[in-house]
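In what follows, a single structure is set out as structure tokens and then discussed.
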Amino acid sequence: MNRRTQLLEAALFSASRPLSLDDLQRLDPDATAEEVAASVDELRHHYQAGEHGIVLVEVAGGLQLLSRPEFGEAIAEAQIVTRPRKLSAAALETLAVIAYRQPVGRAEVEEIRGVSVEGVLRSLQDRGLIDVVGRAEGMGRPLLYGTTMAFLELLGLRGLEELPRLEELSVALRPLAEMVEQ
Amino acid sequence: MSLSAVSAPPVVATSDTPFIVRLDAFSGPLDLLLHLIRHQEIDITDIPIAQIADQFLEAIDALGLNEAADYLEMAARLLRIKVQMLLPRPFDEDDWEDPRAELVRRLLEYEQIRELATWLSTQVELRADRFPRGWVQPLPQPEPPPLVVDLTELVAAVERVIEAMPQPVVHRVIPRPLDVEGATRRILTVLEERDRLDFRELFDERPTVADVISALIALLELARVGRLLLTQELQFGALTIAREPTHAAA
Amino acid sequence: MNRRTQLLEAALFSASRPLSLDDLQRLDPDATAEEVAASVDELRHHYQAGEHGIVLVEVAGGLQLLSRPEFGEAIAEAQIVTRPRKLSAAALETLAVIAYRQPVGRAEVEEIRGVSVEGVLRSLQDRGLIDVVGRAEGMGRPLLYGTTMAFLELLGLRGLEELPRLEELSVALRPLAEMVEQ
């Protein structure tokens, strides 16, 4: 592979979308269209000789390097692409806020956590740990979230009343208790 | 890093050639202090504290209190060391403990951290030129592995949330010049009424940096001439001001 | 390349994170550890011959395919990949303290840096570069932080042992120790 072909390979590898010939041309503005096409051909040949786990395919938007489909199942089974076993710290914290303050709107959760929680809310909802339980009064009637049965099951609780009460937690929790009363 | 972002100040600063430093170019009071020391090629084991303290105060004077909180603590520390340096040394020099020693230790430790930060930054940049695979391929999804969460984790998460809750914002204030004389008068007036008070009682709800620094300088001066006693139980604890017994109220 | 090597190549290619030898072994449970190692060697050779735009590197305790650094600039300029946001000086210093002192509490980081680090800790945690790794004994049982695999990935390090050793720094602590003893 010459240097230009290597550059195109690196770009096709790192891109999060298929690359058009225009995209590839922009990588090396000095190259002629023929030179770019020749590099693409070289790559296609290299990967299509059946010697590799990767192939170069033409999809709607352009060219893309993909792993060969026959390996998909083995990769999925080894859980190499997806590996969600534990909730992230961000998800746990959001879940904690919702558990203790439900029903609660997104704005309030964001105010407490000091960060945007849109994505986290969606993923908690996808996992069935929280759900929309109503709408608040007032402007925009924002959605209110609460925890689900699955949440209780996950924690092995019979009901929300079995969550540790704030007073029973360490001293660090007192400020929240005060805030809740406000 | 931060240093290169600062326009070069004069090599030697005197009272008529004040430092002009952009504080937002510094990552904290230690960074600023190191800059003052290294830029003037001062021997770090023999810091002219009076000169450095003045330059430090000058640099932070223009700050609002909100940004200055971390800097104020350092200002107080410098002023305390400055006063300690003025106290008569014991006859036997071996018994003298250099009041600057702890500060020097912290500065050197911090300088190490800064060097490491530079290394990290270079490393990140080298790495930033190598990209991982950009596209996440949709693959047949196996049964997702069961989630693991327990109550302890949830409780820990609650505590983290509380710890990280945003602090109330103190509004920016317009800087005022230092007024050490006024602060001295106020302290003496209060001490005529009371035997002891907490440092914070000297201020109203929203003191300016100038207020705090003025009071600090006044206090340290009054302590030095023996008009009052300053005590601090813990390193970052409350500062208590007490009347010297010899100046007891009539 | 035999089929096993192709499978490993496809897996390394599909994962956007480093894969450990255990991960690779799980792909082909019938293979012996030696066979997996041999396939890895073959891949490494294949990509390291300087013929490709991609290389196989050891990072964060695993193996990862990455584009070659000399193409980074061109790819970023053609807007095919956005380089990650740069870390601020405050973030880098905080990371440095945590990397060297882990597990370490907030108070100690603040003592060393001389500033409040609440916001920085939170944003480093949100970026997945540090995480809570435990709690200290003693008053308030403060949270202890440590660096993550993502931190190693960000730096391209195989492990923490690749960080420079304190003795190698130009600022040595020795003169200070002498001074304190004076």
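Before moving on, here are some points about what is shown:
As written, the chains take the letters A, B and C, and residue 1 is the first residue of each chain.
To be clear about the criterion, a contact is a pair of C-beta atoms (placed from the backbone, for glycine too) under 8 Å apart; a residue touches a chain by one contact, two chains touch by 3 or more.
This structure is a prediction, so every number in the text was calculated from the model and none was measured.
Chain centres here are C-alpha means, and the one lying farthest from chain C is B. Here the chain at the heart of the shown protein, by mean C-alpha position, is C.
Remark: chain A and chain C have CA centroids separated by 20 Å (rounded to whole angstrom). For the pair chain B and chain C, the distance between C-alpha centroids works out to 32 Å.
Computed centre separation for the pair chain A/chain B is 40 angstrom, with centres defined by C-alpha atoms. Contact with two or more other chains is made by residues 13-15, 65, 67-68, 71, 75, 81, 122, 132 of chain C.
Touching two or more other chains at once are residues 131-134, 136-137, 139, 156, 159-160, 163-164 of chain B. Interface of chain A with chain B (complex): residues 10, 13-17, 64, 66-67, 72-73, 75-77, 79, 81-82, 84-87, 89, 92-93, 95-97, 99-100, 112-114, 127, 154-157, 163-164, 169-170, 172-173, 175-176. On chain C, the positions that touch chain A within their shared complex are 1, 5-11, 13-15, 19, 23, 26-28, 51-54, 65, 67-68, 71, 74-75, 78-81, 122, 125-126, 128, 131-132, 140-141. Those residues of chain B that touch chain C in the shared complex are 1-2, 27-31, 45, 69-70, 73-74, 98, 101, 104-106, 108-121, 123-124, 126-134, 136-137, 139, 156, 159-160, 163-164, 167. Residues of chain B touching chain A in their complex: 131-137, 139-142, 144-145, 147-151, 153-166.
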